[in-house]
Each structure stands twice: as structure tokens, then as C-alpha cells.
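Read through the structures below before going on.
You will see two complexes here that share chain A, one where it goes with chain B and one where it goes with chain C.
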Partner chain A sequence: MAVPGTDHEQPAAEAQRLGERLREMTRTRTFLIATLIVILALMYLFGALSGAGSRLMSLTAWGLMLGGVIALGSIGLTLVYGVMKFPNFSHGALVTLGAYVTYTVLPLLPDGPTLSPLSFGYEFLVAMVVAMPVVGAVAIALDRAVYRRLRRTGSHLVLFAMASLAMAFFLRSLIYLIWGPDFHFYYPGQPNPAFRLPLNIRVQGDQVFILVMAFVFVAGVSALLEWTKMGKAMRATADNPDLAGVRGINTERVIAWTWGLGGALAACGGVMYGLSSQLRPEMGFWLLLPMFAATIMGGIGNPYGALIAALIIGISHQVSTSFLDPTYGPAVAFVLMVITLLIRPQGLLGRDGG
Partner chain B sequence: MPLLKVDDVTAGYGDMEILRNVRMEVAEAEVVALIGPNGAGKSTLMKTVFGLLHPKSGTITYKDRPIHGHEPHDIVGLGLCYVPQVDNVFTTLTVEENLDMGGYLLPDSQLPERREWVYEFFPRLRERRRQRAGKMSGGERQMVAMGSALMLEPQLLLLDEPSAGLSPKLVDEIFDNIQNINRAGVAVLMVEQNAQKSLEMAHRGYVLANGENRFDGTGRELLADPDVARLYLGG
Partner chain C sequence: MSQVIFIKGLMLGIALAFILPILLPPGRPWRVPGGIVLGLATGLILAALIPGGYLSYVISFLIMASIYGLLSLGLNTQWGYTGHLNFGVAGFFAVGAFTSALMTIEAPTGVAAQYTQVLFGLEMPFLVGVATAAVVSGVVALIVAVPVLRLRMDFLAIATIGVAEIIRLIFQNERWLANGPQPLRGIPQPARCLFESEGCAWLPEGMAWIIEPLTTRDYSAFYLIVVAAFLALLYLIIERACRSPWGRMLRAVRDDEASAAMNGKHVTYARVQSFVVGAVVMGIAGALYAHYTVAIDYSHFHALFATFIVWIMLMLGGSGNHRGAILGAIIIWAVWSGTSFIASGLEPVLAAIHEELPGRAQYIRWLLVSLLLAGIVLFRPQGVLREEMRVSNYLRKDGGSRDG
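Up next is the complex of A and B:
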């Protein structure tokens, strides 16, 4: 409606509306996905321009593997965050612990034949199956010793986060104390064969194995959350812990399961990470940032989101080394996380309105 | 023998005493209304009964069994269930999942049968069973909350302001629901802002003021009492 005297205000109002519409548009999931695709495409372009064209596919394969490792770690992080609402900074140490426990268990087992095209035999799988509950138990023990006391006294969430940072340093020192600062390998001196695919792509059997493990565990955890009683109780506790108690859910038991599951998956991630590089006491600590980035990018509490985000981060991390100094690698995850937070703070698969 | 007996209970947060020497009883299959002005301690009394708050002194017994000092998840299995005033559904879970969480203590095999029982009271929940509770209206959420509490087939249902924030038509519907639940043999203890309506329905009522017992009697007695009417019924 044209009211005399307001003509000059109309364009301004329209511009404001247009601005709002634009802001709305840049807050959608579609826009976030488009942005991430553009960033990935640019990375490949930069890589190709700096003459790394032939290596890009191999880097992608490495990226997928790294993404699988990050994903396994992120699931635990996202579960703990969902149920207890604090960022667990000691999660990286649990990853490291998983790798070292496997390293310790391996020599105690009889060597089986190598499961070609993988670089390891049955005994490695057995060692992993041992390491997962061990680290899960460590996570539960830490909860009993530290976090449960904080819950009882109704402490602020900042205290939980600080305590978890302290536990990160504690666990790392413990690892130094037991295994020393030296690098270790599961199978010293053993070559890790790669098979060639068309287009000159080289892929290691281990890389495929890690990716498969990540998918299997993500699907498993999602099914658990969706269909089992304990999974539903975890979601209920994450949603409203007081009401969960009122409904008869023993939230302390749910929390113990959450730690156990998160710790076991972190261990699995660590075991896998050890396959792709050497074991060192800080290995998990350096995964912490990409794991948090994947958790936030994927949408907190959503294992599938964490998997997708972890794969994006893993690939970006590796492909960026084709045109950037590899020491900038960790910054890539950080930049992706910040972009996600600016566009859609609830993440790729997070729900609208929190 | 009363089902629930609150005897000389003093409770509060920190150093603050909200309830002082409160006593109250609920008999089997009875509807008891708890009324009083804002800040009288009605909700605090509910929370204390259900173990969300531990009394500083006094005793609370359910079927002659002391329950004060117990945690909610221990109390819920005894046969009394609680519907909080706010945040009483899991918003990210579907209606059916909410009900299943209400029946968390039951073996899985009994859940479908119990859900059917709840759907009889709230047919609308059956239609919406796959919907997330967070996307439902206030009245429907209240039904989900009450339905979840009924999953364990309680003998006593504690309702904290079931009609708060609902339109007059929905208030009538919720009160009808409560009446139906009571006819099925479930005792109901409810805190209500809508004192007139709840006293009309209740067998007995307690009036709390400043955390202390002020009046009690049958619903009709309280409605007829000129002091209660003047102070708390706005008439």
C-alpha cells in the first residue's frame, strides 16, 4: 500500500527484507553443503595447479582412511557430549591408549598368516577386540573417579571440561611412563603393500579395511541408538536427564554405557590410526581437533553426521598437503569447523532449531 | 492404610526451607488436590515425594515403606509415577518412544500391551505415535506426559499442574482424562492452579500456604469454606 510520505522508506525496507532473505538462504543445510563442495573442489583445483595431479587420487584414499579414523573417534565424542553436555578433552588419550594396548597384546598372541591384501594377520583383530573393552573400562573408571563426583556436587560444565583436560594429560603421562617416548610399530619392518587400481590409483588394503570398519561401527551405533532399549535411554538421557530419572531410567548406568561405548570406539580408532603410521604418545592428542571438528560439523549426537564430516575433514586434510605445507593440515579441520559454525551451527545433520 | 503418607516433612534448597512440617495423605483410588498461592511449596512437595529433593526431616512412606531419601528411578518402580509441570516429555523422541521410556522398567514383551492401554485413554496419541513429541501442541504433550507415566500401571499418579498453559477447552479435556484414569482405579495427587475445578473433582484437598498446611478437608468442604474461598478461590 502506497502511503504518501513513505515512498523514500520503501526501498530501504525492501533492501532490509532482501538482506533477511539472503541471510535465511545462507543459513540452510543446502548452502552449507554447497559451500563445502566448493571448498573441496577448490582444493582439488589448487592441487592440480601445483602439479600434484597424479597424486590427488592417492591422497584422497589416504584422506578417506584418516576420515575413518577420525569418525571412529568422533562417535564417542558426540555420544559423551550428547549425554553429558561437556567436551571431553581426554578422548584423544583414549585413542592413543587403544593403539598401545593393541601393541602390547600383539606379541602375546601366536602369529597367524598375513591376511592379504591386509598387512596383518588374525592376531591383530584379536588384539583389537581385547583393546576395545579395556579402553572402554578405563573410560568408565575415569568417570567413576572424576566425573561422577563432579555430577554429584552439581558442578558447572566448565569444570567437567577442565577435569577432562587434566585427565588427558594424566593419561598421556601414564602412556609415557608405561611405554616410553619412543615410536613403536605393530609389525616393525613389515611392508604395507598397495594394489593398483585403474587411473594409476594406489590403494592399500588397510585403507579399505579402516573405511569399512568406520562404516560398520557408525551403522552399528546408529542402529543401537534407534532400536535398542539402551540406545533409546541414551537419547532420552541426552534429551532430558531429570525426566529420564523420573521415568525409571538409571541415568548413571546409561552414562557408564556411554563411556564404555565411546571409549571402545576411540580405541578402535586408535588401533586403526596405528596401522597407518607409527605409535607415539601424542598420536591421539593431535586427532582431538579434527575429531571435535567432525562432531560439530556433523551435528552433535549424530553418528552419521560425524562420519560424513570426518570423511570431508580427512580428505581436505590430505588433499591440502598437495599445495600447502603439511604442518598446516590441522588448520584445515579448524577452518571447516568455523565455516560450519558460521553457516549452520547445528551442523550438517543436526536438527533445525536445536 | 493410606497409600502415600507425608509426615512432618521439612524440605528446601540449600539453607532455604520451602516446606515446614507438612503432612498429607492419599488413600487408594482417591483424587487429592493440592492448592494454594504461588510459592506455597506445592511443586516442591511433589518433588520431595518423588525423590527429586530429599527432605531435611520427616518421613514419606508409600504403602508403609519409607521412600524419603530414595532416588526417582528407585521410587518409580514401586507404583507411583510423576508428571512434572514443565519439560515432561522427551522432545526429540517420538510419542511411541516416549511411552516406551515410561515403561523402561518393564520387559520389552509387555510394552505393546501397555501402550494399547494408554492409547485407550488417549486415542489421539495412537494416531500420532510416530511423531516427535517436540512437534506437538501443549495439550498433546500433556497427554504424552501422562501416558508415559501410566505405562508402569501406577497405583498413584502425581500430576504437577496438568492444565497449566492450556486453553479452556483443553483444560476440560485434560480433567476428563484425569477422571477416566481415576475411574480405572489409579489414585491421583495433583497440584492445580485451577483450584475451583480441581476441588470439584477431588475427593479431598489440602491448602498449603507459605510451606505449611493451612486447611484440609473433602473437596466439597473446602469449596464451601468461606476462608478458603476468599483467600484461594478468588470469590
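Up next is the complex of A and C:
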């Protein structure tokens, strides 16, 4: 059989075509959504089977709240990832920094009345608003000191990732040095009443506040990207920095704004995370994997996508605790992320072909 | 020179005779004999000059540096030669350590079983433990590689961080597997009986007097020989493999996948192979670490601690150069050990700034090391020793054949 006959090639080609057709079918957004729904349904089933049926509704509600925290962290990450095109591993450290700066500013402000049903007063919001530009400035400073040099030499993406890992450790050790390894609370010992919703769900006012804030920020950032001049410049820089430069966009300025905004949003996420649990130097690293998962699942550079993905991740994280050890939370987020990457690397809301 | 000092010096010298030939410049005929002579001489001189306490510090330094050298070597196969951005070194390190520990420890019985739970304890010999660690680590890498290696480079970095984190979480939570959050203690050390008063059963009668004067405190000098031998052996194997057509294929895949595929190389297999080979080396490093520290727990394998420092070592030494990888490991481990003196030296200064700061001096070490990595990335990304782009030993630099 020196010359392969055409009869032999025919079935092989058909099998190839079938494989390609299958691949095309599985690479769609619909298939990704269907897979995620099936996974969530399986999780609920496992939860019900392991005897947590009555708690599942509460877990879902808490999952939404946790999703809010993850979403707040991911908006900044997705923005930076979209414009700068490298995974910023120091974002977790920026989240932690925001939480701690707020913790430092808080006692300097006069105590206001507690905003019932929330557990904090106006001074907390003021402290957060102070911390946001501080962390944004830190992010810009890091960009000036490190990433801009790498951009100038046209370095490979890997060096950016390594540098961001180095900066993550730099910030982390600074945080350890300044605030120490102990746990902190914004309002130690303050009662945080939960109110009861139908279906025996208990949520705290703070949690609802976090979720609302996530929605507001996502809408705000999306509006910024859609309608403002700076947002348009950001999208142009993300698409093609050289072309944006040719069209008269000062890309360095756009990048600085992106870092500033990303840092400020990271701070906000950290403050909300600190409010819902406690402050510890590792908090940002714990949140890093869920944040990356949300960013990738939602489609890099897409705030709405990050929000939706964060809510999915939050819910599956909480529901999984009904049959898994709670510390496996990051693992759940990770598995969802890998599934997304295998099915549709551009994520839920990403554009086709990207 | 007393007998104790001489034997210790000899053991240190043998270990150095394994390590030094790696570090000397390649391509010279005197590299191996010169390294061996130099190593033996350095060992004896060090033992004669340095008091005992400092000598054990030197020995434990060299053990950890060699273990990190192995990790760096494994990472170099993955990153330096094939371009896998593996940020999950700690995961394979942990798998190797726990596997070897489980293979060699004695399964606890009676009251001890309430405090220490293990899946199994097989009481196998040390080498079986190391071999199993290599195999299991390779299998884990294979399982991970199938879905993950297809990903884009930045996604691969995120995914491997996740893999390492999950492996750590498993060892942290699953009590039945390897005693969960509690440390797994009592990992046996190879030939430790040589240094105990009753001696080894298998040792011939006439040999016992040689090591008679040594006590269990001197055991680490012997273990250094074991670790150094592993380092030399694996370096030799990996260096050979990477100089063979296999290594050239890996570089081709790294530099230009399309043209490698066009030349008939199976790109996916090549990528998976190098990932698994790297993980096997990391698993062996984990096994050696477990038998060195005797007690391990999940916190030793913090996703970023074990990974981050290995990356600095490789970046400093020079990715794509195995000699550089090992040199980087030794340099960075020296810097890391040195920063502890800086940190303790800075304590009075810190105390002047704030009363709580001296207690946090150890974090200054991380600060300095992270700045070091940033400096390497910014100013010398190719490392101390560049990658050698030489294709064959038999080609001169100008491209002509050595034989003329």
C-alpha cells in the first residue's frame, strides 16, 4: 500500500469534520452557559443529598453577597488586565492595602451615628473614600517605577507577570511590616444584626450594601468605558496601543488612569471584604484566585461579565460548603475558571474569536 | 586534625565534589577532576578552620541550597526550555514530599494512631520513597497537563497557581491522607543508624570504627552527600537530555510552535513531556526535603513561598541554562540566609522607629527579596548565565566542525 487510496481518506476526513463540528458546538457561549448551569444544578443536588436542603436558600443568598465582594475586587482587575494585557498578581495585595489604609484612617475620624440597619456610620464611608485614591496612587507609582520601564523596553508578557508577582510580595511584606500579622476588625465587638427575609433567609444589612455597591460600581465603570472620552481612550488603548497613539491618545496617561481606577476599585473591594469578615494580611491572596476566575469567566476587560461571573462563583462557593470543607472555596472558583478556559477562553461576555 | 573533624571534612568534601563540577565552566577537560579535587580540598579546609557549630550551619545551608537547586532545575526544564509559565512549583514539591513520607514512615498504631492519621505507612526504604515521589509527582503533572497546557501563557500562570493552591488545600484538610493540618512526624532518614550508638545491622564489623566517633548530630553531613549526589545525577541526566535532540525540540517548540510542528514534531507531546520531566525533578526535591526536615506539614508548601523563591533563583541564574539554575539557587539561598542577619542587625533601628517593629523584622527579608526579583526583571532578565545557544558540542563558535 504505497499510495493511500481515496476510500481510506474519506472516513478519516469525515471523522475530522465531525470532530471540528463538535469542537465548534462546544466552543459557543450557549454551551458554556449550559455547562455552568449543569454544574450549579449538580452542586444544589449534592447539597440536598448531603442533608443541607433547608440551608440551600440561605447559602444562595450568602453566595450572592460573597459574589458582590469578589465582583468589587474583579472590576479593577479586569480593567487592568484588559488594558495592560497581563495578569496583575499584585491586585490581591492592592485589595489588602485598601482594607488596611481604611483601618488606619477610621480612628482619625469622628464617630458618627450607626446607619441602621448597617453596622457602620458615615465615617466608615469617608475612610473608604480616602483610602481609594491612596491605593490608586500606589498603583500608579508601581506602574511608574516598574511596569513603565518594562513597556519601554518592549518586554515579554512573562516579565510583566513576574514583576507583578514581585510587587505582590513587596506590598505584602510592607503590609506585614506596618500593620503586623494579627487579625483586625473595623468595629470590634459591634453587633451586626441580621434581618429575616422570607424562606428563612437571614442577611445582614452590610451584605446587601456590598451587593448594591458592586452593582453601582459595575454600572459606573461600564458607563465610563462606554460614554466618556477617557473610557473610549481606554478601550482604544486596550485594542491597539500603537494605533491609539497614532490617533492622538496619550496612552501613558490612559494607562495611568487605568491603574489609578483599578487600584481605587481594589481598595473598595478590600474594604468591603474586610467589613464582611476580618482584616488579615493574606486576605487579598485568598481573594486572588476567585477574582481571576471571575475576570476570565466574565471576559477580560468586561465589568458586567466580571459581575455576573463573580455572582456565579460566589454562589457556587457557598453552595459547595454544604458538601465540601469551606476552605476548598478557592478550589471551586478555580475549577469553574478552568472549565471556562477549556470551553471558551474569551469568557461569558467576551467577543468571538478573541 | 582529630578524627571527627577529618571525617566531617571528608563528608563535606565529597558533597562539594558532587556540586562544584556542576558550577565550573563547561567544555574544559579539567572541569570534573578539577571540581572533585577542589571540592575535597575545600571540604577539609573548611572543617579544619571553622568551629563545629558554624560548620553545621554551612552543611544545612548547602543541603537546602541543593534542594532548591533541584527545584530550580525542574523549573528550568519547564520554563527555560519549553516556556511553561509554571507558578505552581510548590504543588509538585508538596506532592513529592508527602508521597515519600507516606511510603517510608511506620503506620502509627495504638494511642499514636489517634494523633497521627495517615492513609498508609509502608516502611519502605528511602530510595523507594524517592522513586515513588518522582512517579507520583509525574503522574499528577500529567493529569494537570492535559487540560492546562493548552492554555495561553498568562492563563497557564493563573491555572498553575490554582493547582498548587488546591494541592496545598488537600494536604491541609484531609486528615486521613497525611494527618491534615497537623504535621506529619517521624519521617525516617536514610542510614541514620550509622550515627546512632548501636550502629547499623548491615554494616560489616570492620567498618564500624570509621564513623564510631560521630554522633547523630553529625548526620546532616552524611545527608548532604545524599542530596548532593542526587543533584549531580539529575543535573547530568537533565543536561544530557536537553543537549540531545529532545532538548532542541523543546527549544523549537518554545520559540516557534508552528515551525516545530511543520518539521514533524508533535508539539503537544513535547510540551507535556517537558512539564512532566520538570515535575518529576520537583517531586524528587520534595522527597529529599521531607527526609531532611523529618516533620512536614502543609504550611511548608505555601503556594507563593516555595514557588516565588524558586522563580527568583531561576531568573537570577539564567533561564535556559541548567548550570545557571543551580548557581542561582545557591546565590539566592545565600542572600536569603544573609538577609536574616540583616534583619536581626536592623532590629535596633526598627526598635527606634516603633516598639512592635523588631518582631516583624523577618518580613524585611521578603521585602528585600521581592525588590531583588523586581531588579532582576528590570535590569537583567536573562540572568547571570545566559542561555547557551550552541547546538552541538562538535561545532565551533564560528560554525565549523572541530574535526576540521
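Annotations for the structure displayed:
Following the convention adopted for this analysis, the second predicted complex is superposed on the first by the 334 of 354 C-alpha atoms of A that agree within 3 Å, B and C clash if a C-alpha of one lies under 4 Å from a C-alpha of the other, contacts with A are read in each partner's own complex, and residues count from 1 in each chain.
To be clear about the criterion, contacts are C-beta pairs under 8 Å (C-beta built on N, C-alpha and C of every residue); 3 or more make two chains touch, one makes a residue touch a chain.
Everything quoted here is computed from the prediction, not taken from an experiment.
Touch criterion not met for A:Leu18: it reaches neither chain B nor chain C.
In the superposed pair of complexes, A:Ile249 makes contact with chain B only, with no contact to chain C. Once the two complexes are laid over each other on the shared chain, residue contacts for A:Ile296 go to chain C alone; chain B is not touched.
When both complexes are overlaid on chain A, the residue A:Ala34 reaches neither chain B nor chain C.
Counting the residues of chain A that each partner touches, chain B and chain C differ, and the larger count belongs to C. Shared-chain residue A:Leu42: touches no atom of chain B or chain C. By the touch criterion stated above, A:Tyr176 is placed in contact with chain C alone, chain B being left untouched.
Contacts of A:Met337 after superposition on the shared chain: chain C is touched, whereas chain B is not. Common to the chain B and chain C interfaces on chain A is no residue. Residues of chain A that touch chain B in their complex: 229, 232-233, 235-236, 238-240, 242-251, 351. Here chain B touches chain A in the complex through residues 50, 52, 71-73, 76-77, 82, 84, 87-93, 97, 100-102, 104-105, 108, 148, 152, going by the rule given at the top.
Contact residues on chain C toward chain A in their complex (touch as defined above): 85, 87, 147-148, 150-155, 157-159, 161-163, 165-166, 169, 172-173, 304, 308, 311, 315, 356-357, 359-360, 363-364, 366-367, 369-371, 373-374, 377-378, 381. Those residues of chain A that touch chain C in the complex are listed here as 86-87, 89, 146, 149-150, 155, 157-159, 161-163, 165-170, 172-174, 176-177, 180-181, 285, 288-289, 292, 296, 325, 327-328, 330-331, 334, 337-338, 341-342, 345.
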